[in-house]
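After this come two complexes, each holding chain A, first together with chain B and then together with chain C.
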Partner chain A sequence: MSNESSLRSRLFADYGMFFVLAVLASLFSFLTYKEQHPTGSDAGRQVAEIVEESREGPLHVMIVARGTAEDREFTSAAREGLASNGVTVVAVVNGEPRDVRLEVERLSEDGQSVDLIVANDVASRWTVYDRIPELKMTPRVTPRPYYGADFLKSSNLIGVANQTAIYAIIAIGMTMVIVTAGIDLSVGSLVALAAVSSALFIRESGGVDASSAVVIAGVIGGILLCCLLGAFNGVMVTVFQLPPFIVTLAMMMMASGLAFRLSSGRSIAELPESFFALGGGRLMGVPNPVWLMVGLYVVGHILMSRTVLGRYIYAIGGNEEAARLSGVPVKRTLLAVYTVCGALAGLGGVVLASQLEAGDPKFGDKYELHVIAAVVVGGTSLMGGQGKVLGTLIGAFIIAVIKNGMNLTNVDPFNQKIVLGGVLLLGVLIDTMKRRPEILTRLFSQRG
Partner chain B sequence: MRRLDCCSLLLISLVWMGCGKGESSGPRGTDVGSTGESVTIKGTIGYSALTLTNPFFKVIADTMTEEALKHGYELIVVSGERDVKTQADQIDDFIVKGVAAIILNPCDSKSIGPAIKRANEKGIPVFTNDLAYDGKDAKVVCHVATDNLQGGRLAGDAMVLMLKETGGDVAVLHFPQAESCQLRVKGFTEKLAAHNAVDGNPQINIVSTLDGGGAREEGFTAAKDALGANQDLAAIFAINDPSAQGARAYLESVGKEDQVRIIGFDGFITGKQAILEGKIVCDPIQFPDQIGAITIEMIVKHFDGDDVEPEILIPSELYYKADAEADPALQQKE
Partner chain C sequence: MNSATPTADAPLLEMQGIQKSFPGVHALSGVDLVLQKGEVLALLGENGAGKSTLIKILAGAHRADRGMMRISGDPVTLASPAAAISAGVGVIYQEFNLVPGLSSWENIFLGREEGSLFVRRTAERKRASEIFEQIGARIPIDAPCGQLSIAQQQMVEIAKALSQEVRIMVMDEPSAALTPQEVDKLFAVINRLRDRGIGIIYISHRLDEIARIADRVMVLRDGKYVADRLISDVTRSTMIEWMVGRTIDDEFPKRSVSIGDTRLQLKKLRREPSVRDVTLEIARGEIIGVTGLVGAGRTELARLVFGADPMEGGEVWLDGRRLKLHSPGDAIRAGICLLTEDRKHQGLVLGLSASANFALPNLAMLSTLGWVRHRQERDRFRHYVDTLKIRLSSPDQLAGHLSGGNQQKLVLSKWLEQNSEVIIFDEPTRGVDVGGKYEIYTLMNELARQGKAIMMISSELPEVLGMSDRIIVMHEGRITGTVDNVGDATQETLMDLAVG
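Moving on, here comes the complex of A and B:
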């Protein structure tokens, strides 16, 4: 085998999932390719030109669009364009269908007629015109549509990254735990607990008027609490040799119960604006949670591939006994891994609370399953010893892209669940086939 | 060789997924052809339900799909799965799709606010039904729900009718977290107080109010606690059918089902069945089909430029055994 082809096969084995992600992205770009309707100032100027091209005499025009910032740009550009061509603009409506009705009522009181309606696509589809006798026959002019994919809109791509950021952040810790052949079922409940405890602390020490110092203390406090509970999981697993599945299952119940107790089952929304910046703010147009995710993945990747701790983690997952005999500090490493996993779940919870502007004990429901799915689809083996942090990032994105794509293509919610289950199964299947190719060989040789 | 196998596996799965899409993506373009005649589509409406496993929301979803199509709108239904982040993500996806309007059953009355605000900023009108948004920052055009206060009053009337000759002790199985249930209990208590205020009337006293969790298991436990403290209990008012059925299960297990009679709430199919079997005396019932139909009506009114009331409450009605015997929905089941 030549050097080049061995490199290629290694790339495929390591990042085959990246190829899947690319295929999915193209698939959804294709499926969501449809007519797009422009708004904003360019569309406003364009529509003024369209009117000018077909105009045969003086015209009384009404311009209609919604009240959003973009739509206001559309109406003002259209008005300017029309006015410079000498067209009379009798009314401009920026608002709701109701405002159109009120405006027309006012115009007809003044005895003013409308020959033409200029609107963007959304406003032209309102049914209000059909209800008003004066407007029923009035022609409507809209900007020319263009073709494009909903999936590839920058707002959608950023949205997908933002939607997956919290799962992806928690999945870093989960990857480390699963590489050691363990599991952490408590992350979902820790998300709820961190969200509730941070929100509660901030509400009790000032509420809506809390200072930034209080907010920072609340954020750190929430993460620290989950860090401690993660360490507790670690102690149970290492010192008392309990199976991680049971320990973290117990923690899942306890943390959820605690979150409900602390909040009396209600959401805590009396929080200051400064708290919302962490999850809701943007830096250079990209939401903060996405930056946080990128930063943590860089750190996670270096930790797992370039440091002694990373090698210890893989060694324990490969063969715990062998690792112990060759001098790996197994207990300390495991303790660290569960602590990090708890802390990242806490961080996820605080970011979520900040994004949703409240802390609620119902947050984080079934997140452990979303996160484990991302790790497994990303190629980490549940048997331990194998897996990559960047693979998990790709796994998280595969799931997020499928969910987003299915929402954009109107897939029935029950079918969405079937597809997501199928993807998870496929992830595990590919992982197993990669490690045990003899199964496939046997299957095919029997038939042939 | 094995690389090839992996590739073919992937390919097959993707083709399968692609096919799934094709079938379910529904009408594309500008014409709706499913009813035979061609109607110009005026836009799509996105609906994120609290959950679709509860038949109540499934009825709302199905009614709205039908009604929306009649008016030339296509309804896209997704399920928030009771998780507010999932629901917020779905709202963002609706915004990307450029839907004409959004309908929600908020998975959390407060933390859904930021997502509604994002829809407001894009000029997309938001409607809620059954569950309301509780906050000031975001704007909901109209909320459609059952009149729970009036429903609670009906339950109170039914209780007075049942106990006016004898008087007696009553327990309430509450679910205090939900605002709807607070209204139901408020209406119920009002009617009992009005009865007790008349001189010479035998007194009907609420001797205990317990959290029945709105669920069967917790209703069972709450009924046990209520009866343990008050041996002479004459009746129970449960704020929904599952907790009423849990209470009934406990009463049957200790042979007290003839002493303590139960009034529930909701009137979903299992509750109606229980009324037919005489396990629950009566229910003020809700009408999910009306909730769905009126929500669509309000959206149509909004786009017609009419004034839309910010809140529309649909009155409840009492449903007794006689109603159950005449109910075609229950006849079909047998």
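Moving on, here comes the complex of A and C:
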């Protein structure tokens, strides 16, 4: 009984930020709750059923939607569904209102009439139908609207996860560094360097026609380069005992400069399709970067909580001298931590290049700050010795959800920055008050 | 007694029915304390008896749940350290609050600088040197405090308190890090303070010192008041009995171990300026006491043997094999361990759990392919919790939340699990109460019986004399004397060797 409650209180203490995330998600669900119009293939199938329910005999149907990928899914699903029910689809429009007029003109030349228009919500609102005499009286069928939250739509949630994935991946390494009471400011520049160097390698070894072996080599090469520079940070910090802040600040400048030099300041876009699969592809409907993030967090969590290396990392951050005198290989551990952090930044850079289908030296700008913010909001102390990898994941998502929620509720971008700064401050404030409640009691007792 | 009329003959400090509990612990249950002007009151008790809590309440760092305090008859509530200082209470903690880069006078007036924009340097400097003169302390007044000795830093702390016009001065283990001569000087200063009518609460585990300096002694046990007598009315053994709650026949347990062949050999170990050509042998089952003044190079010697600092010359041999020691990790693998004197900064990672601290040097044995075997870690740790009687709520309790004595036992447990062949104890009983000391001595005897080679660094001469088979005395990095026949040695002979 008492064991259970202490477990619960520990969960709360360790992952209290999870509740903050849950509250934020509920808030934005509430704020974006409104009438929704189904889209995509589900909507297409649904509309075919609606037509079938009210059909009394043969029908000549025209399907209308915009030219986007989602709308094309809608039209093809609707066409399939209608055709299998024996309905004649005389025309499919994926485009603009003008295309409807052109299609109707073509149909009337063929002497073909239209009994019914099937359209998704947006296309059904076009005014073009009223201006075409043949369609003035034609009834229109649309998918049934329902009530729901924009925030909770699976496309939105997957989008949030996809946009967070790269920050979150880099934040694993940053968490490890910060737990050792260090800092790595170079990750943003390493993102740019990895993106540019792998794109450059692939372009020079075949460009758009490069083989997948070249792509794999480019990806691994970009990551390895950052891994090496991370190790260089580690050597400076351990062997030469320089402060991590300064070492990684210098690396931030040098890596960024190198990225600009390699690319001559231009974006490198002559890349093959196979390179885009890494960041742009999906597995079971979920983008690859999200899978990568989930996998790396599982590994990161196990590493920090179950392995000797993780134990060493916490011990060094908590008390480096005591750790050394307990036989902990301090230098080797720190070297490993900075190397891993560099490698993850490199991975982030390559994934970003793949997502954006280019390598650009301006990538990764201010990433170090966003990543540090995620780590800190996730409850890791900059003093070292304390923090959890899963906390960082929650921290990254808190920031992402706030950004996304503000976009959905049309908060102006300038105000968004102000809010995000406030959130960072609030996160640290809550965490500090939790650790040192006496600050609050003193504050209020002095007033009283 | 019952009304709060300030009178000239009211005691300087009265604390009545002080109660304080922390989650799950009654730290203090109804403690009374009276301190007169110009009196030195020794506050005694084992670790966890509630001395620190009582002092923190007096210093305004904690607030009592119940009870009242009067200073010169006036009721006071000491809500913050600042309030305590302005009420005339000064506390000299074991860990000093000095900024190492600032000079003594800058430290003394830190936060209370005279002058509104520019510091009135000459006035402050003059005032500081007056205070030093009053207490008879000779301090290089402009030297950064980080360069002063521990004893000198302590004087700066005392001067700082005096500059704040304190009437009640609390000293927490002030002699713990001092050499015997420095302790003599400290006592001279305390006598001067007493003559000026300042009331002093003196906390120490060293009963012989208390007999020399205190007027009265008060004992706490388990958060309760036990006794309060004039020092002339009590004996050493009654004080121990009050603290421990039972009679202790002998402070040092007997051991009968036959000393075997040589195990550890140090040959001309050198690291200037603190260790100079130290040659030393320790045999199977032998306890070597190493003593000397602070700065004699004892701790530095231990760190060399442990690989914590690089050697400039010399060799370390164990069981006829020469060791290459580049890091503490090397030493641990070779079978040498060091129990540092400073538990909080060097012995433990306070933010990690007790069991994680226990496992830290032992992870090679408690893991497979880099994977920590949690259950085994727990089981091994539980074994030591039982045998060493470590008091904790669970193995997950943070090391920083354990009391001082239990922290020391935790440090012991992690090195016992190593089963090292050479064990170096650096001030093993500093800050440990009488009962705890006895347990540590018993443990050392047991290790000697198992055939380990033990080096015990200590400033407490009775301990060195009571526990060692042989005694090494160091002075300025060199061995200045070896006492083979410990039975004939006295504190005086050791002191004689220690001063060089």
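Everything that follows uses one rule, which is that the second predicted complex is superposed on the first by the 344 of 448 C-alpha atoms of A that agree within 3 Å, B and C clash if a C-alpha of one lies under 4 Å from a C-alpha of the other, contacts with A are read in each partner's own complex, and residues count from 1 in each chain.
Criterion: contacts are C-beta pairs under 8 Å (C-beta built on N, C-alpha and C of every residue); 3 or more make two chains touch, one makes a residue touch a chain.
Computed from a prediction, not measured in an experiment: that's the story for all the values here.
Superposition model on chain A: chain B and chain C are shown accommodated side by side without a clash. In the superposed model, A:386 lies in contact with chain C only, and not with chain B.
Looking at the shared chain after the overlay, A:189 reaches neither chain B nor chain C.
Once the two complexes are overlaid on the shared chain, A:163 sits against chain B while remaining clear of chain C.
Contacts of A:31 after superposition: chain B is touched, whereas chain C is not reached. Touch criterion met: A:327 reaches chain C, while chain B stays clear of it. When the shared chain is aligned, no partner comes close enough to touch A:238: not chain B, not chain C.
Of the two partners chain B and chain C, more residues of chain A are touched by B.
Touch criterion met: A:267 reaches chain B, while chain C stays clear of it. In the superposed model, A:314 makes contact with chain C only, not with chain B.
Chain B and chain C never share a C-alpha pair closer than 12 Å once the two structures are laid over each other. Counting contacts as defined above, no chain A residue meets chain B in one complex and chain C in the other. Put simply, chain C touches chain A in their complex at residues 79-80, 306, 308, 327-329, 331-333, 338, 340, 345-352, 356, 359-361, 363, 367, 370-372, 374, 414.
Of all residues in chain A, only 9, 12, 16, 20, 23-24, 27, 31, 34, 37, 66-69, 71, 96-101, 122, 125-128, 131-132, 150, 153, 155-156, 159, 163, 166, 265-267, 269, 276, 280, 352, 355-358, 360, 362-363, 365-366, 403-404, 406-416, 419, 422, 426, 429-430, 433-434, 437, 440-441, 444 touch chain B in the complex they form.
For chain A in complex with chain C, the touching residues are 306-312, 314-315, 317-319, 321-329, 385-386, 442, 445-446. Contacts from chain B toward chain A in the complex involve residues 1-3, 5-6, 9-10, 13-14, 17-18, 20-21, 24-26, 28, 42-43, 52, 76-79, 81-85, 88-90, 92-98, 100, 107-114, 121-123, 125, 135, 177, 300, 302-308.
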